[in-house]
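Chain lettering (A, B, C and D) follows the sequence in which the chains are written, and residue indices restart at 1 in each chain.
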Amino acid sequence: MNKTVLLTGFEPFNKETINPAWEAVRSLAGHEGVGYRVEVRQLPCVFGAAGEVLRAAIDELRPGVVIAVGQAGGRVDLSVERIAINIDDAPIPDNAQCQLIDQPVVEGGPAAYFSTLPIKAIVSALREGGLPASVSQTAGTFVCNHVFYSLMHQTAGTDVRAGFIHIPYLPQQAAAHPDAPSMALAEVVRGLIIALEVALAAGLDVCEAGGAVA
Amino acid sequence: MNKTVLLTGFEPFNKETINPAWEAVRSLAGHEGVGYRVEVRQLPCVFGAAGEVLRAAIDELRPGVVIAVGQAGGRVDLSVERIAINIDDAPIPDNAQCQLIDQPVVEGGPAAYFSTLPIKAIVSALREGGLPASVSQTAGTFVCNHVFYSLMHQTAGTDVRAGFIHIPYLPQQAAAHPDAPSMALAEVVRGLIIALEVALAAGLDVCEAGGAVA
Amino acid sequence: MNKTVLLTGFEPFNKETINPAWEAVRSLAGHEGVGYRVEVRQLPCVFGAAGEVLRAAIDELRPGVVIAVGQAGGRVDLSVERIAINIDDAPIPDNAQCQLIDQPVVEGGPAAYFSTLPIKAIVSALREGGLPASVSQTAGTFVCNHVFYSLMHQTAGTDVRAGFIHIPYLPQQAAAHPDAPSMALAEVVRGLIIALEVALAAGLDVCEAGGAVA
Amino acid sequence: MNKTVLLTGFEPFNKETINPAWEAVRSLAGHEGVGYRVEVRQLPCVFGAAGEVLRAAIDELRPGVVIAVGQAGGRVDLSVERIAINIDDAPIPDNAQCQLIDQPVVEGGPAAYFSTLPIKAIVSALREGGLPASVSQTAGTFVCNHVFYSLMHQTAGTDVRAGFIHIPYLPQQAAAHPDAPSMALAEVVRGLIIALEVALAAGLDVCEAGGAVA
């Protein structure tokens, strides 16, 4: 297994000036742990283009693990997504002012892909690490799900471990959104390290059954 | 104005092993800022006894500012309480296994007291500091409100600035409470420093009208 | 005890075209039960004026029970309010385009009044009647609380049973507010009848201790 | 198109004594509208068995439209589900005390199926009818999703319009669940009639593109 881990985060969208996903991901650029190294990429919050930037990064880096990270304003915890669905149905325009309604991400693609990350093991490890976390059954239908589906389509049939994690607002964002929960940047970063290390360990385990839903 | 600031936090309750209020407060024991010093006390989560420990601390320290801090599991932000009400109505037993129902905190006391902290100014300063915060209209009817009411009753008619701030779970607590929001300890501590410094500044402002609701 | 029951509801506000409180209340105009009769009044959603209309109605009708009813968009159940506080702090302008900030409802009035309705008995009866209900610790700081405080100030020292109940959106309102809970009009009306009959029964009970918080 | 509409609802589960889905569905047994007739079936809240009862009903009745209905305690509105996923991951045991974890609904089946109901048109019609409604991106991973996936697997490749609608608690259930939203039975029943009539109309529209996601 290639020991390069690719983390992606989006540029800001929906009137925000920062994106917590990118803030967390970029702080891990070049991070090295035992036997692995992290590469990061920023993705545009744009249907189509986001998937192309991701594909180019995967082609270039040949990572063993890919975790796309996105902001989910209103969520309380680190949400490890279970499934990407073949639909673009945007509640707001993307950053190119395109608002796709009920279009497939990939024409003729399967209805959905399951994450190939060990999602339950990641959630357990996050909680053991003192971080609130859960498995999420929906990544929505905006650019986050679009990238997640693109990622799973691109890595289908390979041994790359890939998936998506949604994170809450940062405290400074929540300060402007009454009633919105938040999570400190340091906690998110710590959570991403836990997640990618669990994913790497799973990737190394040759005895693992390899089921997509494990 | 006396430049001693008294912060209080509770012992753990309701099956928790830590209380984020006490964790935050105790980390500020002996903290000194420009012209002030912080003293801290842990309060028992017990009707009656909590108010007595508080009274003893006020008698001993003669603080210019008192901020009681309590855990509000389920809340998303730093909640600066506006009003304490003369009622004990416990949803669960306190730590002495006493569950008061619809009893007055102080027999014959007024129905309520407004905080004498500059609550709007504190919320503004917290938000400017990048922390989610809001004015709350209820401190509940458990030991938190009991202590808040006791505090306001004890300091009524004095120039002590006093009030109550509710804080969310810590992340490690939220890890065991699905769907519960949280706030990192470092953020809470930073918020308490902002709050007490705004309160001190308000206490020094001799031109201020002195209204309870400012 | 006078067997006239006064119910009030507000005119629509905040861009709504109907107010569920008024829809429910007006459907009970002239309703007669065993030994009582209901009179209703619509209140303007205007600071000051709302209290004056209420006062005139009380002077005219001399009711034994008064229940003011208001819309609380976002709440899930019939919320029987415990306490009215002496503050006007409007998140939005009222219907006369006045947005009071941190003003007392009654200059020099007490900080708060407890409801003189048997709030716990009402909640129990509502639940037994198959309706979701709870005691609420805050009626907010907008015109609802303003009227509630005015009502309690006007009836203080009398044997009138008075208080406030907040109700959810109607389904047709929630249809335009994503994620907003609602309650059908028929259920609200049924709940109001339960509430006023419990209040009447309590008012008749000469052995009752008469505590404001019962 | 066959003008028989099959509605299913579950037996009670998770300590409830009624299931709002079955209460609503059974009240429509034999209901006839212009050109259609409703048949209803109760499904056991049991993995496997629920799908078998459903299959037998479809084989027997040859319905043109099938809408499975389920209780979603905590949701606020009529949630028209978009997608069924190939996973059983039970948060609680089913009524046969079986708690499947991360098992496929159909071994070797596709990861997901989109509803073949006109979900957007149904939501629009419900809202126009004064009922709160939304498209939901997840039917969970319990028996509801299990039946939904089974239904879509059984009807794949046919011209049957099929899907799933989640409904809130009834008021009498919410009376026992603090903070839980609810919807009156009459409103749910009215909503189901709207939904099935929109589905029937869509099924008759030969010009319709036939896309699963319409």
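Note that in this section a residue touches a chain if its C-beta (ideal position, glycine included) is under 8 Å from a C-beta of that chain, and two chains touch if they have at least 3 such contacts.
None of the values given here were measured: they were computed from a predicted structure.
Chain centre most remote from that of subunit D: B (centre = mean of CA atoms).
Between subunit B and subunit D, the centres computed from C-alpha atoms are 48 Å apart. Annotation: 31 Å between the Cα-based centres of subunit B and subunit C.
Counting only residues that touch two or more partner chains, subunit B has none. Taken as a contact graph, the chains are arranged in a single closed ring, with each chain touching exactly two others. Contact residues of subunit C toward subunit D in the complex are 76-77, 126-127, 129-134, 168, 171-172, 174-184, 186-187. Against subunit B, the residues of subunit C that register as touching in their complex are 82-83, 85, 87, 102, 104, 110-114, 120, 137-138, 140-141, 211-214.
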